[in-house]
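Two complexes come next, and they have one chain in common, chain A, joined by chain B in the first and chain C in the second.
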Partner chain A sequence: MESKAGEIISQEERDILQELMNIAFGNATADLAQVIDIYVQLSVPDIQVVAINKLPDYLKDAINSDSKSSIVEQKFWGSFQGSGLLVFPSGSGMDLLALLHEKESEEEPSNKVPMDLIEKGGLLEISNILIGACIGKFSELLGTFVTYSPPQVFHGNSDECESFINGFNPSQTAIVMKTVFDFQDKNVSGFLLILTGYESLDWLRKALHDFLGSYE
Partner chain B sequence: MIFTQIFDMLDAGIVILDKELHVFKWNRWMATHSNIPPEKIIGESLFTFYPDLNVPWFLRNCKSVFTFGNFAFLSYKLHKYCFPFKSHNSLGYNFTHMQQNCTVGPLRNDDSNIDYIYINVQDVTEVASYEKKLIEMNTRDGLTDIYNRRFFDTRLEEEFVRHKRYDRPMSMIMLDIDFFKDTNDTHGHQAGDFILVSLTKLLSGRLRKTDIFCRYGGEEFCCILPETTIDSARSLANDLLHSVSSNTFVFNDTPIKITISLGVSVLSESTDSAETLLKETDDALYQAKKEGRNKVIVAGDT
Partner chain C sequence: MISKILIVDDSPVARKMLINSIPKDKGYEIFEATNGQEGVAKYQELNPDLVFMDLTMPVLDGYKATAKIIELDKNAIIIVTTADIQPKSISNVMELGAFTLLKKPAKADSIVDAIEKVELKLANK
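Up next, the complex of A and B:
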C-alpha cells in the first residue's frame, strides 16, 4: 500500500503507534469481556499511511472483498479525531444478537420491531461498544478524551457506501490502523479500521512523543 | 450558575446517574414529563421508578459508558423509549408513549475518572410520526390498503433467507380473480374496485397477522405464509376458495358473484431463490386457471 512514512510519520512514530494500539486493544479486550461477556480477540494492528486520494481505492479494496458485508461507521472528535469503521461479513447481525442473548420477541410481528431493524440495532450496539472500547482505550493512553457521533450502518454494495467513500477530502492524507477482531468461540469476525486525518496529525505526533518521553 | 440554569431550561430531559445507577440529578423536563419531582427520585435507584430499564441492553450500555467513556445511542427506532412518558397526538398518530432518542455519556471528575453518567432524553414523537406515514405510503396499496408489490418483494427476500437459514417451513399462495375483466365490463370499474376492496377484506380476515398479504398487480394477490407447511397452506387455500365462491358481493344493490383460482407452493431444499418459489407458485396458479378456474393447485401435486 501507499507508504510515505518519511513525510507523514517516521518509522519510529509508526512503531510507537503500533505498540500503543497494541496496549490499548489489550486493555479493551479485558474490559470488553466484562461489559459484553464475550472475549474479543484483536490482532496486532497494521498501520498504513494512505494518501487521501488513494483512500477511496484502499477502502473499496478493504470493504468490497465481500460486497454484502455490513459496515458500521462512527465519527469521533476532539484532539484525536477521525472515523472508526467496522466491517462485518453479511448476516453477522443475527449472530451478534445471539451473542447479546437477545431473543426474538414473542409478540405478534405486526406489533414488534421488524427483524431487519433488530438486526441493525444489534450491529449498531455492539459496534458502538467495540469502537468506543478501542478508541477510548487508545485516547486514554494518550491522555485525551473524545466525543462520538451516533454510528451508522450500511451495506458494502450500497449507494451510502459509495458516498461515504467518496466523502473523503482528496487533498489529505490518512493514517489507517487496521485490526482483525474475532468473537472467540462465536464464529463472528471482521475488521476494524481507524481512520485519522491531517487534523489530528500534529496532536498525534506530539502525544506519541510525550508518551515515549514519560518512559525515558 | 448559568450552567445550572441551562440544566432546567432545556427542552430535553437530563438525568445524571452514579455508578450504582442511583439518580443524582433529575432536571425539570424530566420532572414535568414523569410527574416525579427531583426530591422524590434523587438518591433512589432508577429502577425503583423504572423497573423496565433493569434489562441487559440498558445495563450493558451504561456499563460500557462507565468503562470506556464512550457514548451509547438508544434510538427510538429500536427501543421506542426509555422513559414511558405520555405522548401527544402527532399527524393523527397516537403513540401510546412519547418516542425518545436517548444518549448516554460519561461525566469525569478532576482525576478524569468517570463517577457519573448522564442520559439525555429527546422527544422525537413527531419524527416517528413522519417516518410511520412515509413507510405506510411506501408499503401499502392505495386502493386496498394491503401491502404493495414493492414491500412484498423486499419481505419475500427476507423471509426466504430467514426460513432457509433456520430450516423452517414457509409456503406461498398466489391467487387471481376469475374473469375479472367481465365483472368490470358488466358492472363498471367502480364495481371492480369495490370487489377488489371487499375481497381483500374477506381474505385478510381469514389470514393470520403473521402472513404477508399483498396486491401483486391488477386482480392478482400473493401471500407469504411464514412457518407454514404445505398441508396447512393447502387447507388455507381451499378455505379461501370456498369463502369467496360462497360469498355474494353487493354493489349498489346488485349482487355479484366471483370465484378465484389459487396456486400454492412450499419452500423446499431445492428452492434456490425467492424467485424460484414465486415462479413455482405462479406456475401452479396458471395450472389452476388452465384446469377450469375456481380451483386450488398445489405445486408438485400431480
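Up next, the complex of A and C:
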C-alpha cells in the first residue's frame, strides 16, 4: 500500500509497526521474566508520527517533566536508527529497583552503596533487557541488526533531560512507537518509546513491506 | 472436521498474516473479530470449530475472551497466538483451557501443524 501524498507512513505501515512493536516488546518482557520474578501486563502499542517541531513538546508531555521520573535513553545505529527511551514516571523506578535488589539487600546492607548508584545500576540492568531485547527483536524481524551506544540514565526535569529533548533536530519528523507496561501486583508502571527519524524512513518502509510480503 | 475458523486479533496485520498461513485447499470458512468482545459475540453467532485468539487486545483481552468462550462451550478449541510469551501468561491461558499457544509471529508450518492436531482431535471425538 502506498502512502498518500503528505503522509509519512501509510495506515498499513502503521499497522505493521504496531504488530512488530507488540511482538518485540512481548519478547523483551519474557526475557525480563527470566531474570526477575515479575509479570508484566502489556498494552496495545501506540504508533504516532510526530509532526515537525512537535517532538520536543511530545517528549516533554510524555516524560511529564517530573523530577521523580527515571529515564534511560539508549541510541541505536544501523539501517534502522534512533533512540529507545525507558520511562518510569513518578518515582516508580525506585519501587522497581527495590524489587530488583530485594535479594541483594538481604545479603548486603544498602548503606554500603550510595542510593543513586544503586538506582543507576538497576535502571541500566532493566534497560539492557527491555530496550535491548525490544529493539533487537524489532530489527531481527525486519532483517537487520543495530549497534547500541552506552545507555544514559537521567531524571525528568533535569539538565540532562532538557539537553536530550532539545538535542532533536526540530526540522525532522519522527515516528514514535510507545508501549505502556504495568508490573502487575508490584504497583510499578512505565513505558518504552522507540523514536526513529526521517533518515531511516525509506529503509523502514521497504523493510515493513518485505516483512508482510514474506507472509503472502 | 474443521469447517469454520474464527480469528480474534485487533491487529489487521496479524489477521492477514494468519489468514495467509492457513491452507487454502481445505475449504475453511474464515471469520474475523477485532477484539475479545467481538470474538465472543461471533463465537456465539457462528459456532466455529476453531478459534485463533490474541491476548493483548482492547475492549476485552484474550484471557477474558477465552474464559468466556470456554464458559459458553467447554469443548471450544482455542489456539492462542500471542507475543506475550511470559511463563505466567502461558500457564494462565493454558489453565483457562486453551488448546495450545503459538508464539508470534507464528510460522506457516507451525500453524498448519496446530490445525492438523485440531483435525485429529475432532476426528477422534
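List of remarks:
FYI, the second predicted complex is superposed on the first by the 185 of 216 C-alpha atoms of A that agree within 3 Å, B and C clash if a C-alpha of one lies under 4 Å from a C-alpha of the other, contacts with A are read in each partner's own complex, and residues count from 1 in each chain.
Operating definition for what follows: a contact is a pair of C-beta atoms (placed from the backbone, for glycine too) under 8 Å apart; a residue touches a chain by one contact, two chains touch by 3 or more.
Being a predicted model, the structure only gives us computed values, none of them experimental.
Shared-chain residue A:I129: touches chain B; no touch with chain C.
Shared-chain residue A:L212: touches chain C; no touch with chain B. When the two structures are aligned on the shared chain, A:V35 is found in touch with chain B, with no touch to chain C.
Applying the stated contact rule after C-alpha superposition, one finds that A:A98 touches neither chain B nor chain C.
Note on chain A: of its two partners chain C and chain B, the one contacting more of its residues is B.
Legend: residue contacts after superposition of the two complexes on their common chain; A:L141 is shown touching chain C, with no touch to chain B.
In the superposed model, A:G121 makes contact with chain B only, not with chain C.
Contacts of A:V44 after superposition on the shared chain: chain C is touched, whereas chain B is not. The touching residues of chain B, counted against chain A in their complex, run 56-57, 60-61, 63-64, 67-73, 75, 77-78, 80, 103, 106, 108, 112, 158, 162, 165, 209-210.
Across the complex, chain B is touched by residues 28, 31, 34-36, 91, 94, 100-102, 108-110, 113, 115-118, 120-121, 124-125, 128-129, 131-133, 135-137, 140, 145, 147-148, 150-151 of chain A.
If you check the complex, the residues on chain C that touch chain A are 10-14, 16-17, 20-21, 55-58, 82-89, 104-105, 108.
Residues of chain A touching chain C in their complex: 12, 15-16, 18-19, 22-27, 29-30, 33, 39-40, 42-44, 141, 212, 215-216.
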